[in-house]
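Dropping the structures in below, format is structure tokens.
Same chain, two partners: chain A is paired with chain B first, then with chain C.
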Partner chain A sequence: MPPRLIGPGEAEALAFLIPAALAALAATALPARLAVLACAGALCALLGALGDAAARLAGSSEAARLGPAAGGWIAIGALLLAARLATGRAAMGARGRAVVAIGIAAALGAMLALGLLDNLGLVREAAARGPELRVAFAGHLQLVAAALLPALAVGAACGAIAFAAPRAGTSVMGLLAALQVIPAMALFALLIEPLAALGRAVPLLREAGLRGIGAAPAVIGVFLYLLLPIAAAMRAALGAAPGAAVDAARGLGFAPAQVLWRVRLPLGAPVLLGGLRVAAVQAVGLVTLGALVGAGGFGVLMFQGLGQFAPDLILLGALPVAALALMLDAVLRGLEDGLSPTPEAAR
Partner chain B sequence: MRLAALLPVLLFAAALAVLPLTAPVFAALFPDVAEPLYRRESFLSLTLSHGGLVLVSLLPAAAIGIGLGIAATRPGAREVREVADGLVGFAQAVPPVAVIAIAVPAVGFGAAPALLALVCYATLPVLRATTAALATVPPDVLDAARGAGMTPRQVLVQVELPLAAPPILAGLRVAAVLAVATAAVGAVAGATCLGTPIIAGLVNGNPAWVVQGAVLTGLMAFAVDGLLAALAPRDQAGPVSIGSAASRPHSSRLPS
Partner chain C sequence: MIRFEGVSKAFGATPALDGLDLTVPEAAFAVLLGGSGAGKSTALRTINRLVEPDAGRVLLRERDVASEPAPALRRRIGYVIQGIGLFPHWTVARNIGAVPRLLGWPAARIAARVDELLALLRLDPDAYRDRLPAQLSGGQAQRVGVARALAADPDILLMDEPFGALDAVTRQALQQEMARLHAATGKTILLVTHDVEEAFALATRIAVMADGRLLQEGPPRELLDAPADPRVRDLLDGGAIGMRRLALSQAATLASPGGEAPPSLPRIPRTATARDALEAMLAARAEAVLLLDESGAPAGVVALRDLLRA
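Take a look at the complex of A and B:
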């Protein structure tokens, strides 16, 4: 059943006007740090107003599904964007942004804990599907890890080959780039039959969980896509050390292995971490599509919602994916800043 | 070089011509399947519909991407650039399939959700390529153009855009390949395209249809990539150029 949408007339008018005024004030008048605070406050006020309106509209009916109308979503998006811009204006860096994000998440958590948002359809749906959500979360993380960890090893090796032997490296990187051209849906779908055949031929593998439909095609497909960003980052990382530093190390009598471990890798670490960040964010998104070929994760909820035409369920699958990707991005970006010799320049 | 880039196009055309004749082959490969060849629509009409989705979304995406990219690199437009960066950052966290799924309650099943996601995601590489390319036009050249008495509009049209054209074209190529992939995902929301046999096959337990749809989708991506490589300037045509410049939006964030 499609949800009833909360329009401007149905929440207290002030509840919508106050966040808007706060945000406008923040964008123009306030110093950047206060603007961040104002945007975050406006976001919380807007969510609270939506929860309040939902509580009054839901009234007697337990089955009513209530969600923000398009304007509400646009306002939430605009406030998030305004907060993001203000952090940029305040030159807060990756760590400052992480603090803001944690603050907003904590406020959201507090509102949920106090039951202020309980009557919104999304929250009701989440409460009703607690165990499913936990399974989806664990499944999503497992699939990401299963693709990312082997891709790190193989991709780094490919990148090292590309750096050490540029001629062979060109064809290796060309192959990895060609893989990127294949649409994910086609690659996942094409992997099903060979894996099914392999499972039929080798019963041992089938007992280990290898079937055509399931996690295997998604994990292998995502693994293949992640090779390029990791290999490219590894190649760039190994070349990131200034020639003078490498020369100096050689002059000091460093063996080639020492040059690699004590000069090239430490100096290239932020670049390599950048590749890991790109790969991790990509993995979170790609795994979602894996639900189509029978892998788990949040994609399961999303496709289930699509099948039942249940917008809340679709959002329940999609929002955690976006949050997970943004969080991974922020954490790894913070680490990168910490590793860079000049954090300000790297931001 | 250019002819070699057109090879995937020929391959795709050949596959399209041969596939309708391969019912016996698929019947032998998948003996359990009652209907070994997807016949609800012809592969040609699926391809045309898929190509239509890509074309219809690529034009607005190119216009928005290049326009926003130009606006973001004008002096005094720091805010525009930050808004663009922020939007790109959020968009990259949400996979296209999520955008398509979220759009369904708002715009209904069919081609509309796919088109929405297509425009969003095809804009990103164009925007990124345009801002990057315009930012690398040497300041000396701009000074010389201004010194010669050119108006800002003349500088943009006669100096900046011609110098920035190759990377922008490369961005368009990335956008087109991405659009082929996103259009295929549109099949989950009922868009008619080469992804339709994949979805129909998965839903009905017909692996033959899945293979047919997947092979054509993959070949179409390579064909579009090759077609745009053949159009691009010579030094942009190699397969490595997409490798480093990224063929999907996330890897364009590589710090290289």
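Take a look at the complex of A and C:
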């Protein structure tokens, strides 16, 4: 059954939207730290009200699936955005933003634990599919790691070659860039047949899990996509040290390896980490498509949901992917800030 | 002692050094002077092998610099550059201790050496050792750069336009500092500059280069009095040959016994140069100056016409 939209005239809808919109607007006028609190409070109130409305509407029906319509999602999105802008205005830094994010997540967790949101379709769906979700989560992380870690090694090597030998580097980087042009679905599909043939030819590989369908094409495809951001970041990182510092290091008697490890890499680390961050976030997203070639992960839930036109199921696959990507981004960005050579005091 | 023997180097089709022959005596403060493209930086960088010559050889204390691995050679040679090149991720202390660490000195010895050098460069060790380069002014950063170059007590100090990026006041202060350091340590220093004033302020010997070759080498006074090449004269002139000559002469060498000098004469220390004496005369509209020794007692009179003997 398609979800029913709550009309603009219905009291429930306005009851959610108006306070949320007011809170988001008011956040721009309040002092920054207060605004963060106001947005977080409004977000919790909005979710609580949604849960409460769902409980009343659901009644005793076990099969009913109630969820926020577009307006509710927009309100949630607007409040998150307002909170993020307010943390920026308050100049809270990475640690402050992490505290806010953890606080909001903790409040959400508390509401879930208290059962306040139990009647929302998404929560019901999650409860019904607990084991499936855990499998998807583990599968997703494994796929990301299986693609990202080798890409890190190979991409960094390509970037180092591109830095050390600019002429050869141009063709290496060109090749990696050309890979990006192939659409992900096409690349996965293109990999199926050769991998299947390889599996047939070498049974040992097939026993090790290398088949045309499954994790192999997805992991290899994502691996290929990640090479460019990592190689480009490595090349830029190696060139990030000021020329005078490198000249001085050589002139003072640093051996080439010492110039690399003590000067170029420490000074390029934030750039390299930036590339790793891009690649990690990209991997989390790309792996989702791997479900189409049988790789597993949250994509399985999403595509099931798409096939059955079940929005809650789609969200059950999509929201964790988004959360995972945002978390990786935040953690790696925090690392990057921590690695910057200039301390706060000197800025 | 540093000796260049027929050193040539071309970058692509452009020759930078064209058979350079030059000897820098031990304990000299030698300045390589020339316009841009004269090859002076390239010459400097052949000594620590940041540039490998196409032909000829460079001897450091009678030993070919190519006879040992470049890193080991460079650790015995101090190197200061215009861009300073402090490592931005290291504290001042770690920057200064860079070469001693490479040489495997014990930590306590490095720490003591760092404090000694900061004091030598007139930076308070307690205030500066834990700072990062971004927290230093340009002049302070280059003091740290000089300290870093001196850290492992190198045989010689190479300086490539070290004060070119500093403002005039800071530059003059650091020039005086270098003159003092040279007098105190007796190290052989080879400094590259295009600044004639800087060359005359610092050098015990000046080597003038053009087009990758040596035009003339000698004490500053000799170059002024007997330029071997019209290009040397043009470079040194700048409309100030007479003043430069005065600046190189001690006023005391031109003085006659004062006797009863009129009290209206301007007074300058006995250590002043003839140029200082002229300046004092012009400022006071007087025809002579009275030299005073350290105790303030009269030590001779320099008259305007005495300056002609400078």
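In this text, the second predicted complex is superposed on the first by the 318 of 347 C-alpha atoms of A that agree within 3 Å, B and C clash if a C-alpha of one lies under 4 Å from a C-alpha of the other, contacts with A are read in each partner's own complex, and residues count from 1 in each chain.
As a working rule, contacts are C-beta pairs under 8 Å (C-beta built on N, C-alpha and C of every residue); 3 or more make two chains touch, one makes a residue touch a chain.
Remember, it's a predicted structure, so these values are computed and weren't measured experimentally.
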Inset, instruction - Could you check whether chain B and chain C clash or fit when both are placed on chain A? - result: fit
Legend entry - Vertex chain A; arms to chain B and chain C (CA centroids, nearest 10 degrees): 90
Inset, instruction - Return first, second, both or neither, reflecting whether A:G305 touches chain B, chain C, both chains, or no partner chain. - result: first
Inset, instruction - In the overlay, answer first, second, both or neither for which of chain B and chain C A:A248 touches. - result: second
Legend entry - chain A residues touched - chain C or chain B, whichever exceeds: B
Inset, instruction - Applying the touch criterion given at the start, work out whether A:Q282 contacts chain B, chain C, both or neither, answering first, second, both or neither. - result: first
Inset, instruction - Check the residue A:Q258 against both partner chains and state whether it touches chain B (first), chain C (second), both, or neither. - result: second
Inset, instruction - Please work out whether A:A54 is in contact with chain B alone, chain C alone, both, or neither, and reply first, second, both or neither. - result: neither
Inset, instruction - In the overlaid three-chain picture, find the nearest pair of C-alpha atoms across chain B and chain C and give that distance in Å. - result: 19
Legend entry - chain B and chain C footprints on chain A, overlapping residues: none
Legend entry - List of chain A residues in touch with chain C within their complex: 242-255, 258, 262-263, 266-267, 341-343, 345-346
Inset, instruction - Can you check the complex and tell me which residues of chain B touch chain A? - result: 79, 82-83, 85-87, 89-90, 92-95, 97-98, 101-102, 104-106, 177, 180-181, 184-185, 187-189, 195, 198-199, 201-202, 207, 210-211, 213-215, 217-218, 221-222, 225, 239-240, 242-244, 246-248, 250-251, 253-256
Legend entry - Of all residues in chain C, those that touch chain A in their complex: 48, 50, 70-75, 77, 79, 81-89, 98-99, 102, 132, 134-135, 145, 148-149, 158
Legend entry - Contact footprint of chain B on chain A as seen in their complex: 2, 70, 77, 80-81, 84-85, 88-89, 170, 173-174, 176-178, 180-187, 189-190, 192-193, 196, 212, 225, 228-229, 232-233, 236, 270-271, 274-275, 277-278, 281-282, 284-286, 288-289, 292-293, 299, 302-303, 305-306, 309, 311, 314-315, 317-318, 321-322, 325-326, 329
